[in-house]
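Next come two complexes built around chain A: one with chain B, the other with chain C.
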Partner chain A sequence: MNLDNHGHGEQLSSLERVKQFFQSKFGQTTDLAVVSISIGSYEGLLCYLTTMTSSDFIKKQVLKELASPEVSSPPTKEAVFQQLGNNHFAGLTHEVVTDLEQLPPKIVLGYGIILIEGVPMALAVDVRSLNSRSIEEPTTQNVVRGPKEGFTESADTNMSLIRRRFNNVNLRFEKFELGYMTHTAVYIAYLDGEVDTEIVDQVREKLKQSHIDSLFDSGRIEELLHSKGKGMQLFPTVYNSERPDAVCRHMTNKRIAIIVDGSPFVLVVPSIFTDFFKSPEDEYQWFVIGSFSRYLRYFAFILSLTVPALYIAVTSYHQELIPSILLTSIAAQREGIPFPASIEILLMEITFEILREAGTRMPRIVGATISIVGALVLGEAAVQAGVVSNITVIVVSLTAISGFVAPIYTFGSKVRFFRFGMIVLSSVIGLYGLVLGCCLLMIQLTRIESFGVPYLSLFSKWDKRSVT
Partner chain B sequence: MRLMRFVCVLMLCLSLAMMGTGCWDQVELNRASMITGLALEKGNHMKYKVTFEIVNALETDPNKGGKGGTPTAIFTKEGNSIAEAVSRLNESQERYPILAHVRVIVIDEKLAREGINQFMDVLQRNRYIREDVLVLVGKGAPASDFLRTVYARGQYASYKIQTQVEMYRKLFGGIPRSHLYDVAQAILTDGRTLMLGAITISGELEKSESLDAIKTIYPVAIVKLAGAAVFKGDKLIGYLNNERTRMVMLASDYVSTSLFSIPGPGGKPTSSGAVAVQFYHMHSRMKVKMDGQKPSFKLHVEGDGKLTSVDRSIKLTTVKGYEELEHLTSNYVNEQIQETFEYVQKELGVDVFGFGQHYYRYHFQKFKPLAEEWDSLFTTANLEVSSSFTVRRPDLKTQKVEKDGIGP
Partner chain C sequence: MPSKVNLIDTFTMQLVFLLSTAIIFGSPSLVPDSWLVGIIAFFPACLLIVLYCAMLSSKEDMGLYPLLERAWGKVIGKMFILVYSTYFLYIAARNIRDMIELIMSILLRITPVPMLTTLFVFVIAYCALGGIHAIARFASLILWIILFMLATLAVLLMFSSSIILEQMLPFLSKGLWPVVQTAFKHSIWFPYGEIIVFLVFQPQLGGAKRMRKVTFYAFVTTCIILSATDLIQVLTLGIENKKFSVFALLDAARLINIANIITRMDALIALIIMFGTLLKCAIFLYAAMVGVSRIFKKKPEDYAFSLAMLAGAFSILVTRNSAEHVTEGLKYVIYTLHIPLQLLVPLLTLILLRIRYRKGATT
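For the complex of A and B:
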């Protein structure tokens, strides 16, 4: 550290000092390569992290260039840098650095540093070459018809996937670094001219002011992007997608995409209620079918929210609402069931939640077990044992299926959470409780804002032009 | 932090309040039982005797098929009011009674003759008894017997009676509309007479109480529909048979689908050569005016339909054939309505057709002074019936299948 006190440029000229400096910065890490090379007739040094590049890349792109005959006879040492930068590394991102302190962060990002004895400058060349997952079909948001590409963990790939879809000069990417331990690269993407600049400023501000230690998935910053003081975050106000086409479609609608390096889920802000019911596929087919399935999703949302609560309220408080024949049928099934309807439903709902959780976390090899056990627990065996009635199984399965219709998984999971509240309310005060619960939810929904955009904006203010 | 604390305490209080006060009106389905039918009779020891038909849900379940028991259980309670009898139901059975699914209320003939207004209030006031529950009069048998006839279809007796009444009314029209709200309407409206559906039992009831009764191919006893019970005020005064009830209902525009069987030439109903015509979309319009002290009614009936059977040779390849059919039908219907009208005038002496109601609605000022004596005016009135029926199609055949004969 005592080296910091000396002048900057001079330190770069002494390779011995630079080596010492790196040693003190990086310690004993094994992936730091500090290689003495000769550039023409001069003595030089090449530093990079072996974990951020491949030896193949170094060999082909760097060492080969340095050994090429043109390098061997430059007039001065300084001219070597000029020539290297302008001719040999012109295709790679490179930069001339004069400050020793700036080198370690560069190395960490995957730059290779080239130094020449006696020259107070360093050339930083981007030699990053990482293995990443190839572009595959998205696993969480499937379409039958439509692009099959999905985002990957590499932000570069993701940005490229977006750029490919916009052959437009107005597309902007901006880089931020988040997490004081990980320095994760976070990019925002938007269409300049389309997007509301105030919202972009707000997003920038929020990303800059974040104080998180690490960032491994975009889910972590979702919370950060919620508008504070605008109601509890019971509903997601940040859209996420694995599909480039979905994200791009949103960007054409004045939205901002946020790409986090290492996460295949790209965020979109601001997001409103209706976004979570849209699937990109709706637009790829005949509009009638698209609209139909979209309305079906709203219907399923209401079903998954209210069906169990409705069942409880109606069977244990308002028997007059059920058609007689159905009531006799339900009563016949409930005959000899030891628990009240509410306990029965809660029991089955929780069982289902456990099954779902187990199904998600289970190693794929033992996945078949879930379906066998699940079918037994939730199905015929439970009915035959007289623990639950057939109708409860129907109610729970209908609810469960409806819960998965939402194209965005995070939305569906929040709905599941409210369902329990509804069940408790309706089992305590009947239909009144259900209506009360729906009112509370509605009040909450109207309060939510996402970057100043009311969450229910398409419903609350009906404007033909704004419906997309 | 203080705010959080406040919110938490508030939530706790709210949830406690809700948990503590909620659930009071909760009824578990397997601790409750549905009452599906009520039969009201005069009591032996107290004023009323109420018979309840209570469903044994397990036995009506089509999937499980039950354990071979009866689909319903019958309980009888007496009380000085209907409400008292209902409240005493739990002397005999263990479950919470759900009244919301009562389908029929059968009133005993004897009770109906004394007047039904004395007990209608409890039925109309109770929020669980639906407004469209059927109120019927049991003709020729104690009301409770109607709930005792088991039926092969495995459903409870009142369900069978209800659908039977509704289906019959829809397809034939031989029974008046007799929902709970019709009772209220008839009682409240001037110039209208209350008519309720009448049901009767044929067969041996004693044997019909057992499930063995439905193991024979021919039902031992069965509930039949027997036209209308006619009231004067709220007291039963007589009955109309199915055929006459249909004509009354047709005249008051309550029948839209029905079949007329026109007897063949010869004048007697049994004469050969009958024609049957099925009509849809029937409508009737009435006109009422006063000829001095005597009301005079005009009735026009119209409808269109199809030929169902023709047992004489009428050529339907020409318009003439249709005209003949339409003419036959018109004559027949006119005659029948006229006959019914005269029968009602003579035997019952109350305006079951609702001419008075029509006059009340369209000529209120003229009706007002006559309101009190309308029924006696009705018995002196004249009726002029006209009708126009259209036969639209002959179904598959244009002519009765028979040889035309060779030669000129």
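For the complex of A and C:
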């Protein structure tokens, strides 16, 4: 590039040199359109990426305006710019650029550049018009009652979904660019005056200091935002949701939402343990029903953690804890089984994990096969063949169902690891191990802090920094 | 300025701390009406709060260790810090031993003790590593478990018609004097006096003003809950039975039997006691860590696992059998450790502080 520091404006006035410059910057890419146009009596140039816009949009919004009669007879060349910017493209985001170097990044973002021979300025007009999925019902957090809109892959749509719920001047969006290969747009949204400014600063800092090459889903950012330092990261500290109403609800509670372009999952920080057990539907119902189902989820969470371990501990170490009648029935069932209880449970748990993994990854059409194989072959047949006992199947299926109760999928998936840990502990030293395992989990839960907010604190309502 | 633990968490932490091991042993059954002991011990115990708070407020809420250094000078102060650290570690070891005895007698009869202890001290160390904030939040979880357990126990005992009011009689058969005597000999120092460990964390807990209020409420609640459990024990077991039972609450829980389905609640209670012991030991261990790190100039976190292992080893080596352990706890520990370190040293420190730093005087 033969650019001198002083002559940037001059570069823009010569269309030939601009063309050469684009050639050297963009190379042979096929989607760059550099079109010679005539604006009134002047020679001009229009550049844009065909992949970031639609020809329809260019025709209707740009070319039509350029051909309008007022433009055709302007007094001077500079006045054309004024007129175009103020009257014709007033409805689109536009900007006058005087530096040639600034043009390529604009074009990549979906701007169209209009130049006129002999004028040391360029007009950048936002002509981005991309195809995106229309707003559909979210697939992960289903509700019976409540709004059915879900976020899409387009950050613009997502921001508008949030904005239309807050008709409030205090709602702020801030833009960041992450990933040195992809330059993905990341937005943070918060209610000014509600949020803790310290936390916003921390989030900004973390986003700015990220060193990632590419960003295609908010999952990558989730890792960035995890609170590091105190203990291992066994529990998620970043809430994610496909539901605008859930995200907005959190934003009213002093949280910050993070929207990543290209991901329908919007993140919320700081989030605490109880967030992962709240479904937006709880609030749309009679409060008694809502809290009942929430406590049911906590109960299911505890069940999914402890039931298999408890079964192992009780049957192999502490038979005296079982009421005698139940004990005889369990003993009768396990009579012909070759394995000890812990092997039996581990076998079935791993089988279930494989089933679940297969069920989520395989094409939907073959999905029915999984349920047949799972239910019939591994349930009925395994029992009849005398490999596992009936009670084991009950225990494992109860655990499995309880594991799916958590409304946020990422939370449920982490619980499974602890379950295996508990199984190992209780197979080694019975109930003592199980209780130690529970202690470890509780300590871990209380040790985590998410952006300075305690992850699990029963009395956080009394704390001034709380984010209930 | 370290951020402060919130009031409710401080309260629950102290409450769980006071309840945890006291609840299994109850007040020592040296006199027939042991449930009265707890109530009577409460009043002199409040004097301890006054003493500790006076000590704290005399030098702008610095915490136990800096106060000792200020009062006794660098060398003797450091010696006292070491003594206190060892003392805290020793109580932690005793609590671990109590808990292990319980587990051995109920759940795992033939598992080797070192294994049980090692696992337990690792969890304690992990808990103490989180610092006082995390411990406080952990305590509020534990409190619900303990209260829920006690309420369930009372209700179940009622339903299995094990509570017999006549068991309480004869009431005060030997007069009030023996009861008062036991209160002064034992219950003030355990559990109430052990609250001295919280002096270490006062910078984070909010100093004398907050401690006066919070600890007082914690004492009141402890007194009520302990007396209630003592009463339940007496009402279910009878005075004679209670006297000879080591873990009285557990023996009471054994009596639960509802339609032959809900039985053997004692094992579950034993497990829940573990939570309380864990918390108490974590607090003691953390206090010891802070003390040792003050002397040897390293971060408290560096000592967590080594001190925890030491406490575990202490708990096994310190006495040969369960009977010796109980006697040591009831007789020697009180006179040689509790009374000097909970009453005499703080009292002398207070006097020294008052003399050395009189109001308006500068050093």
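Annotations for the structure displayed:
Convention: the second predicted complex is superposed on the first by the 451 of 468 C-alpha atoms of A that agree within 3 Å, B and C clash if a C-alpha of one lies under 4 Å from a C-alpha of the other, contacts with A are read in each partner's own complex, and residues count from 1 in each chain.
Definition applied: contacts are C-beta pairs under 8 Å (C-beta built on N, C-alpha and C of every residue); 3 or more make two chains touch, one makes a residue touch a chain.
Keep in mind that what you see is a predicted model, and the values were worked out from it rather than measured.
Bringing the complexes onto one copy of chain A puts chain B beside chain C with no clash.
Legend: residue contacts after superposition of the two complexes on their common chain; A:324 is shown touching both chain B and chain C. By the touch criterion stated above, A:363 is placed in contact with neither chain B nor chain C. After overlaying the two complexes on the shared chain, residue contacts for A:341 are found with chain B alone; chain C is out of touch. Draw one line from the C-alpha centre of chain A to that of chain B and another to that of chain C; the angle between them is 40°, to the nearest 10.
By the document's definition of touching, both partners, chain B and chain C, reach A:429. In the overlay built on the shared chain, the residue A:315 is in contact with chain B alone; chain C does not reach it. Applying the stated contact rule after C-alpha superposition, one finds that A:332 touches chain B and leaves chain C untouched.
Fitting both structures onto chain A leaves chain B and chain C with a minimum C-alpha separation of 6 Å. Taken together, the two complexes place residues 317, 320, 324-325, 429-430, 433 of chain A in contact with chain B and also with chain C.
Partner chain C is touched in their complex by these residues of chain A: 230-231, 317-318, 320-321, 323-325, 429-433, 435-436, 439-440, 442-443, 446-447, 454, 456-460, 462-463. Residue ranges on chain A touching chain B, taken from their complex, read 315-317, 319-320, 324-325, 327-337, 340-341, 425, 427-430, 433. Those residues of chain C that touch chain A in the complex are listed here as 6-9, 12, 103, 107-108, 111, 115-116, 119-120, 123, 126-127, 129-130, 133-135, 137-138, 140-142, 144, 260-264, 267-268, 271, 274-275, 278.
On chain B, the positions that touch chain A within their shared complex are 18-19, 22-23, 25-30, 32-34, 36, 55, 57-62, 64, 98, 100-101, 103, 128, 130, 159.
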